[in-house]
Amino acid sequence: MITGPDLQSLVSQIADEMRARPDRGRVADYIPELARVDPAYFGMAVALPDGTVAAAGDADTPFSIQSISKVFTLTLALGIAGDRLWKRVGREPSGSAFNSIVQLESEKGVPRNPFINAGAIAVTDVILSGHKPREALGEILRFMRFLSDDQGVAIDKAVAESEQRTGFRNMALANYMKSFGVIENPVDYTLGVYFHHCAIAMSCRQLALAGRFLAQSGRHPATGLSVIQAERARRINAIMLTCGHYDGSGEFAYRVGLPGKSGVGGGILAVVPGQASIAVWSPGLDAAGNSHLGRIALEAFAKRSGVSIFGA
Amino acid sequence: MITGPDLQSLVSQIADEMRARPDRGRVADYIPELARVDPAYFGMAVALPDGTVAAAGDADTPFSIQSISKVFTLTLALGIAGDRLWKRVGREPSGSAFNSIVQLESEKGVPRNPFINAGAIAVTDVILSGHKPREALGEILRFMRFLSDDQGVAIDKAVAESEQRTGFRNMALANYMKSFGVIENPVDYTLGVYFHHCAIAMSCRQLALAGRFLAQSGRHPATGLSVIQAERARRINAIMLTCGHYDGSGEFAYRVGLPGKSGVGGGILAVVPGQASIAVWSPGLDAAGNSHLGRIALEAFAKRSGVSIFGA
Amino acid sequence: MITGPDLQSLVSQIADEMRARPDRGRVADYIPELARVDPAYFGMAVALPDGTVAAAGDADTPFSIQSISKVFTLTLALGIAGDRLWKRVGREPSGSAFNSIVQLESEKGVPRNPFINAGAIAVTDVILSGHKPREALGEILRFMRFLSDDQGVAIDKAVAESEQRTGFRNMALANYMKSFGVIENPVDYTLGVYFHHCAIAMSCRQLALAGRFLAQSGRHPATGLSVIQAERARRINAIMLTCGHYDGSGEFAYRVGLPGKSGVGGGILAVVPGQASIAVWSPGLDAAGNSHLGRIALEAFAKRSGVSIFGA
Amino acid sequence: MITGPDLQSLVSQIADEMRARPDRGRVADYIPELARVDPAYFGMAVALPDGTVAAAGDADTPFSIQSISKVFTLTLALGIAGDRLWKRVGREPSGSAFNSIVQLESEKGVPRNPFINAGAIAVTDVILSGHKPREALGEILRFMRFLSDDQGVAIDKAVAESEQRTGFRNMALANYMKSFGVIENPVDYTLGVYFHHCAIAMSCRQLALAGRFLAQSGRHPATGLSVIQAERARRINAIMLTCGHYDGSGEFAYRVGLPGKSGVGGGILAVVPGQASIAVWSPGLDAAGNSHLGRIALEAFAKRSGVSIFGA
């Protein structure tokens, strides 16, 4: 693992290379508000256990974390429901697109894993249970602020409303699960919370800081508090590795070799167990819906710093 | 990592625990020859870089490695075809059973990954290319003997013939791929080699030794020769992690946290990058077709020795 | 074709036989209001071109026509949109259950035919276009009253509301189609009309009368008015034959040999082209969701009167 | 029904119109031998109960009947196995392509109907049972000669061998069914008979004559012998209507309104119950694999002569 000044120069170097590349993928267009983001942005931040951050490019510009929020809602839901959560959602790769509904039909409404849309909606339903949407959302937001040591983390309401107006596919998924009893709260409540936590805006710096507990056996380095048991932190990393990039999860594991979770806003959170958490952001996506340059940047980082979990 | 005498006592302890458990899963019955194996067997072996092996239980009894052979044929095929191999087979988890044909229809005959049956047949076809079945099989066998430092590794012909007589599902998969041009050799040739390399019989000790290169950046520890480039060794580990246990791959990653590949003979080969390769064998399978006690033994091993790739 | 007194005695005989049978299928339980209907009911009515009706059993008891309404909404929508309708819905058998969502994913939100739920929702959306839900519903109801020469036909609001509260699967289908632009009106509007026209209550006598135009080249016998062009009447009959009984359509064609459309309320409307329209009602359903005794009664009727469209 | 001289002039008129059309579809290219057929051919023949035939165009040129043979093998198999046949094959439309394998996986190897490839292979297996391939084939051929009153009907061996060399998809289907026990004979035997009966060459005249029993309550008009019970003839017509044109069956019922069975050689056999059997041939196919001009010619014939089974 490269540390200190070497780490900063590596991150800066990669950011420079990425900003120069002409191939940037396609910005997500299915949420109108996201379609307006400039594809030229590129940011990267690496947070170490001691709280130091190596950052470069647009690492302090907030972006819509979208599905990356699913890592944090999964963490919260495991704290609330423990292993009972796994009655409502599986933990196998799906072999299909992020918003596919086919698998739900053959598996009686139980989504394959917590990182495809259907699974994340089911997880949100667990967090909501017994609360009002506003309360559940407040809890999620407080969690994100605590993890990133930053009270400035907020929800981008324009994005949330944009998705709420146009998220028919997610409404289909939620109603479909509801028909099997997998969703317990009113569909509108669950989706309201879901659309809003996906619309949390964070910078790479904030996101890398928020992800530290996954690299640190479940502990929050700044306070020493246990966010989640060490075994659960490992297991979340395992699910990120197998399911974190939709139907591009195998490709990410193959090329980058680190647990990671992408969002259609163009962000990726990656974890180097025991060493660091990394956030990258480039809005253009590849065919599987993952950040095109984000993945390439992480591949370069893992290769040059030798941090693959699959060997030297 | 536990080493030396501690490692031996850990392996012995786990073997004792496993032999005492009443739940043993179900022995595979779709290959008549395999259906006769006694479910009471349990063996385990851990091979370290220096060539020492900690073994317990039936670690020296040969068993049919079946799909574990796919790790080694993938290694050979990458040596032959390099990255051109990936035109014939993908590297994403399949989200379905080991012998499913559904995905082949929607993806024009290209199997999802090299570890489901269809993908392994396509990989075998690459190895066969330009050779006679006997020659290709000889090459595979020599490779296995070299990796395990043991000239005694052999093919169990009764098993190969049993599968050849009854392997209609694999004949369907191969003919289906042939109809899309994904199989280039005569279907009978490719399947002949496939059935025979699946019928290789090895003990846990031999298998753990054969897997060392995956833990050692692609190098064969005994000779220092490079079996495969370090990057490719890492990537094979990544595919083992995401696809090595069919539709139970997510579960294995979640519970064990190591790259692994199972076979319906009840064996599993697992890799601790940089540290060790591990083979376990218990013939009874779980619903996804993976060794029931084998997985439990590896989960116990990873937990007690703290070797998960996903963190401490 | 049996006529006059013979027809009445045949219908009475079949009704008697059906009421005596112990096997009655299972009453639909997914709409709470329908689950309360007594499975002992059996009614049958045959309407001839001259307006005479041979009726027996509970032929004057109203029941929820459910999906049989789809024949009439298809007729109305063809009148409104003509062949442009077929851009929004196909006319092929689906090969899957009435509420399956799988096919919608592979065919970009266009349902296979107007008689599965998704297709009927799309047809309702065409009728709604440019109207308020109340107006569209009024038009459908006036149409049913006109066709059956009976101003007493009405909507069972308890059933409509029961389905509106629990119809999550249909909400999923509608939102899914909306995500592809196949539904143009607000989902709640379209579903509101859909749930209400499915909740129309009619007796066998009313329903048989309403179906006469399909047997009479599209003409309404009482007034001589053309309900629809003769070619379109034939084509609606064709779609009833191939798609009218969900995934039991082949079975119905094979056994009965007449165009027909079933509803989960236990009703079936069948057509003898040029001769008669027939309504039967028995609330218990078979595995494919079609009236169990209703089909058997129609099979007996077709056999004894020799009216199969497939030959003498 | 138009008869006598009117019928001849109608058939001639349609043949003239069809020969003049520029749109001819695409000749099947997946069987090399068929790919060479000139798309300019067009033939049509209508056989009446009294044995008179109205023919036009290339009505006396033999072509490969391909899947039309499945109507006759179904008839034979029903004679051999009776209703036990329906344990090996269903009678529902498939909702997918003629050579799809997806449905077989979810329905445990039982094909949906006797007219998709998998179903026809299962039917052939029933005919073969207890015979040598040569004997079964002889029986099929004698049956075709008897039905068409023509000893000249023969198998085109070049076509049979062409398909045998390249029919990997059918080999996949057969092996897949074999793995579920749906095929009882050796796969090679069953496929050998299947490929050969598909390769029977007949002219429109011969084919129209052979189909008369379906229009005549199962009787062979020339001899008065019963080929099959009247009820079974009706039911075969029903299956032709719902399943006779693969995933274009709904379209054919909608446009033509007659039971029919197509083959990739470009032929279609249609039945007017009680009145006539019709054969057309034009080698170019539409997207669903059915003769493009053949369907248009039958649509014109049904419309102008008013013979739809769905009404006047």
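Labels for the chains are A, B, C and D, by order of writing; each one numbers its residues from 1.
Keep this in mind: a contact is a pair of C-beta atoms (placed from the backbone, for glycine too) under 8 Å apart; a residue touches a chain by one contact, two chains touch by 3 or more.
Molecules present, by chain and UniProt name: A, B, C, D = Glutaminase.
Model, not experiment: these values are computed from the prediction.
> Would you kindly say which chain has the C-alpha centre located farthest from the C-alpha centre of chain B (Glutaminase)?
C
> Per the centroid of Cα atoms for each chain, what is the distance between chain B (Glutaminase) and chain D (Glutaminase), given in Å?
Their C-alpha centroids are separated by 47 Å.
> How far is the middle of chain B (Glutaminase) from the middle of chain C (Glutaminase), if each middle is the mean of its Cα atoms, in Å?
Once rounded, the distance between the two centres reads 55 Å.
> At what distance in angstrom does the C-alpha mean of chain D (Glutaminase) lie from that of chain C (Glutaminase)?
Centre-to-centre distance between chain C (Glutaminase) and chain D (Glutaminase): 32 Å.
> Would you mind listing the residues of chain B (Glutaminase) that make contact with two or more other chains?
Touching at least two other chains: 106.
> Tell me, which pairs of chains are in touch?
Pairs flagged as touching, ordered by label: A-B, A-C, B-D, C-D.
> Of all residues in chain A (Glutaminase), which touch chain B (Glutaminase) in the complex?
Touch residues, chain A (Glutaminase) against chain B (Glutaminase): 90-96, 103, 112-113, 214-215, 217, 230-231, 233-235, 237-239, 241-243, 247-251, 253-254, 257, 259, 271, 273-274, 303, 308-312.
> Tell me, which parts of chain D (Glutaminase) touch chain B (Glutaminase) in their complex?
Within the complex, chain D (Glutaminase) touches chain B (Glutaminase) at residues 100-102, 104-106, 168-169, 171-176, 178-179, 187.
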